[in-house]
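Sharing a structure here in structure tokens format.
Labels run A, B, C and D following the written order; every chain starts at residue 1.
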Amino acid sequence: MKRDITIGWIGTGVMGISMLGHLNKAGYECTTYTRTKSKADALLANGVKWADSPAEVAAVSDVIFTIVGFPKDVREVYFGENGILAKAKPGAVLVDMTTTEPSLAVEIYEAARAKGIQSVDAPVSGGDVGAKNGTLSIMAGGDKEAFDKVCPLFEIMGKQIVYQGEAGSGQHTKMCNQITIAGTKIGVCEALLYGHKAGLDLPTMLSSISGGAAGCWTLDNLAPRIVNRNFDPGFFVEHFIKDMGIALKEAEAMGLSLPGLALVKQLYLAVQAQGHGKLGTHSLTLALEKLSGL
Amino acid sequence: MKRDITIGWIGTGVMGISMLGHLNKAGYECTTYTRTKSKADALLANGVKWADSPAEVAAVSDVIFTIVGFPKDVREVYFGENGILAKAKPGAVLVDMTTTEPSLAVEIYEAARAKGIQSVDAPVSGGDVGAKNGTLSIMAGGDKEAFDKVCPLFEIMGKQIVYQGEAGSGQHTKMCNQITIAGTKIGVCEALLYGHKAGLDLPTMLSSISGGAAGCWTLDNLAPRIVNRNFDPGFFVEHFIKDMGIALKEAEAMGLSLPGLALVKQLYLAVQAQGHGKLGTHSLTLALEKLSGL
Amino acid sequence: MKRDITIGWIGTGVMGISMLGHLNKAGYECTTYTRTKSKADALLANGVKWADSPAEVAAVSDVIFTIVGFPKDVREVYFGENGILAKAKPGAVLVDMTTTEPSLAVEIYEAARAKGIQSVDAPVSGGDVGAKNGTLSIMAGGDKEAFDKVCPLFEIMGKQIVYQGEAGSGQHTKMCNQITIAGTKIGVCEALLYGHKAGLDLPTMLSSISGGAAGCWTLDNLAPRIVNRNFDPGFFVEHFIKDMGIALKEAEAMGLSLPGLALVKQLYLAVQAQGHGKLGTHSLTLALEKLSGL
Amino acid sequence: MKRDITIGWIGTGVMGISMLGHLNKAGYECTTYTRTKSKADALLANGVKWADSPAEVAAVSDVIFTIVGFPKDVREVYFGENGILAKAKPGAVLVDMTTTEPSLAVEIYEAARAKGIQSVDAPVSGGDVGAKNGTLSIMAGGDKEAFDKVCPLFEIMGKQIVYQGEAGSGQHTKMCNQITIAGTKIGVCEALLYGHKAGLDLPTMLSSISGGAAGCWTLDNLAPRIVNRNFDPGFFVEHFIKDMGIALKEAEAMGLSLPGLALVKQLYLAVQAQGHGKLGTHSLTLALEKLSGL
């Protein structure tokens, strides 16, 4: 894929702004649209072009990336009156990097195919830091051929790029990621609460358990923040709730009972109900503390 | 601590046999007792001496280690008619490396102190492999002075040796370890089940998620075994149930609600009820599969 | 309300067939549409008229009742191309007796009001037996004036008719009903399992506990069926799952964490995954038994 | 059984005081011991005799009843130095009405039998009101012959007297009662919380659902108290926690997974941790409210 292809980008939130920045810096001609134009100001100042709708972005782009908020936003961006599918060119490749419903990814894939357009679902993990440093993990689904076309672009944004299979597989893989995280979160937060109540020195406790069978990213990266009472978001509680909701809905449709995930989701709803939806996922601790009257 | 001190060792199960082996090899004079004498045969052949009861071991040892099964076994070994406390010498140091109740560790500590004996609770993590390779994580509680005395011996058995504080702190730290593991287990097993149902290629899925925020020891070490349907134990389901039971009991006594741990424990009771108590902890998968009719 | 008003009825499943039968017998002119016409045969033989769509039913009716399956069916019946709202007459009253989303009830209410039509949400409890005997409990929401108009018709179908408040209140009340039932079901099924394992004679056990603080409808009516291994449906597992899903979704939207309901729903998903979606709700027992390897 | 038999009674808490009162009034010669003598003052003023220990009560009684607090209290009262078994007469019948461990009931039964004494476990339900009005439900285990001997005495204290089978069966039946109650409590409390958030008028809502499939004692008796924010105890949170703990322990020993009960117990631990251990069981509501930030 040469630099003569043009790139469209919808969504310049905390993740998108860095990701598009990397592509722009790499020399691609980029056109963007985002709901709040001011969020794209820095990019526009660096040569990214503006278009007035997703459709207008699609009209001038060979590959169109999207990374927005909720499934309904994705739906609007693709299927809305001024959505991508209204004006995308045959031969284009659409890449949704939002974490969204696998079934929606399949829907986009099929609507695109009917118009001679290819579609890849490619959610990411790695957060704002990974987006900034170009070290995201990208999990992709769709036709292998389409994946191969956009893979060089993924490599500009991430480090761990894996083709997972047919349409929706990227999203399903992201769900596996989130389900695992739900477990590590409840484990780490309950352990810290126990340690606190038992009178342990928490950093010392962590030094004993982090390197062994209890070891996990959450223990290494978020437990120290909990100890320091820093609940700033790496990843928002309310986005995690959205993701767990998708996973539970898909699991239900597939005939799966996931009692652990269901419990953790309810506890996160408590975190949100207590007013902490914009804090980081490690603020699960706050709901557990309140539960035990701390 | 010089090699002129004598070592006593109670319990030569899969862990104890390797740990005592390291001390013996290091040149210490060691005396052992274990419930099933044949389990100590290899050690006895290598110069370890035999004594007919915990009390007899204690009578001839400066430092007495124990690593047995359940809290009631610990109680018997220390407080029984032929238990350690019946014959341990003033100035001796007792070191219980069994994972047991923090409150029992305190009880031993106090009973020992009344006789001018020191006591350290020092449960480990790292499993049979860690025991064999001398790479255990050892989490110790008790008087710092007593810890300092036995620390050189710990260094022969483990790599991560951490003094956690007063009596019981080693056990409490181990509970933090097990609580965290309970969370990672449910997360990983539910994620794999979801991935399986979604039709993902599981090793490919794992390659996407293992390196990021979902990363954990369980994902690295046990998920591949689950994929290969190898449920051989690193750590027995029934021992994990014991540990979770201790954590929940202590939490209750401290006024803590731990809904995640309580759920995971019930699911492990299901694993055991289904006949898999002697399989590894990753066989949580089996109960989740049965739940969803797989 | 005199018998000169005309009644429309959409949905002649196991509940609807009895309910419409009562109205027909009471002398009202009734017109019906249902997806599978043969289900209405007996009614048509008794003088009920047929129309070819919800719209056609609405065109000739003063009060239109609906009782169909899932929220998406309700949506189709009201908002579809040939839906009720396409042809309902100004001044008509629409009464949805399906258990559905409170937010959908409000949506219907507002769409109707915009056309000068009144709307009442009026889900029921009491099952097929209550429908047959005219002893349903009917919980109604909407404008009081509209409720008053249709109340005489409700009285033909039920015994406990209660106006609950503004649009959606009937559905919300039904959700309270289902949430309570979720709790009684898990309580009764776990108790019976415990009693069975403890070797109790279950009918004797029930005779001790049914009359006291544990007393509940489920204990009186379903526990004996469980004892006799009769899992025939009073109420389908799959419909109960739908209802719990609605309650959890509404609770999430209102900022409520309901851990008990979430757990019970997952256990019912297990019942369904095990192939028992068409059995009665007391077959929760079957999933609990499988969990414990029975 | 004639009035020439003598009765011993240990434990004059809120239940015991009424129960012994009935026996005394019925003309039996009664001797009592209780930890806090002042609690027995009213009874002593009415002719009940005092003895200085359980053993002294047993020494002068044909039938000895006990109703104390926790399993450890039962153990002390029967097996302690001045316990019942130290001085009970051959031919005596011991009746423990405390809710306690079924396995402890079996232990008492066997220790008694070894001395030619009979033993009946006979926990009750019905609370202080049932004790006062003589309308308790009494669930009894032990030899049928022993039950028959004391049945006339039970009939003075209760209304629903049922022989459940061998030693421990009374306790097991009580556990079935408590497990069921755990379910009804979470169901009712979550339903009320939902109704509150949905803006329903709670008494009106209750009038719709109490009479149908959601109907239960908790809904009839405790829901109105919750609505009125009256959390006075019928039954203490901390005693219910004890009972659920016994049930979970026995279930574990029998190889049963009870996820519903385990969750409810953790939520009650939260109630207690929040400082409400001496409130009634319907204060589960308080923990659920706090969870959702209300």
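In the analysis below, a contact is a pair of C-beta atoms (placed from the backbone, for glycine too) under 8 Å apart; a residue touches a chain by one contact, two chains touch by 3 or more.
Since we're looking at a predicted model, the values are computed, not measured.
J.: Based on the averaged CA atom positions, which chain is farthest from chain B?
T.: It is C whose centre lies farthest from that of chain B.
J.: A-C versus C-D: which interface comes out with more C-beta contact pairs?
T.: Answer to which pair has more contacts is C-D.
J.: Rounded to the nearest whole Å, what is the centre-to-centre distance of chain A and chain D, using the mean of the C-alpha atoms as each centre?
T.: From the centre of chain A to the centre of chain D is 53 Å.
J.: Go ahead and note the Å separation of the Cα centroids belonging to chain C and chain D.
T.: A distance of 38 Å separates the two centres.
J.: Scan chain A for residues touching two or more other chains and write them down.
T.: Residue numbers touching two or more other chains: 251, 255-259, 263, 267, 269-270, 273, 291-293.
J.: Once you draw an edge for every pair of touching chains, what topology comes out, line, ring, star, complete or other?
T.: complete
J.: Can you list the chain B residues touching chain D in their complex?
T.: Going by the criterion above, the answer is residues 241, 245, 251-252, 255-259, 262-263, 265-267, 269-270, 272-273.
J.: Can you name the residues of chain B that touch chain A in the complex?
T.: 102, 125-127, 130, 137, 139, 160, 162-165, 168-169, 172-173, 175-188, 190-195, 197-201, 204-205, 207-209, 211-219, 221, 234-235, 247, 250-251, 254-261, 263-264, 267, 288, 291-293
J.: Using the touch rule from the top, collect the residues of chain D that touch chain A in their complex.
T.: 259, 263, 269-270, 273-275, 287, 290-293
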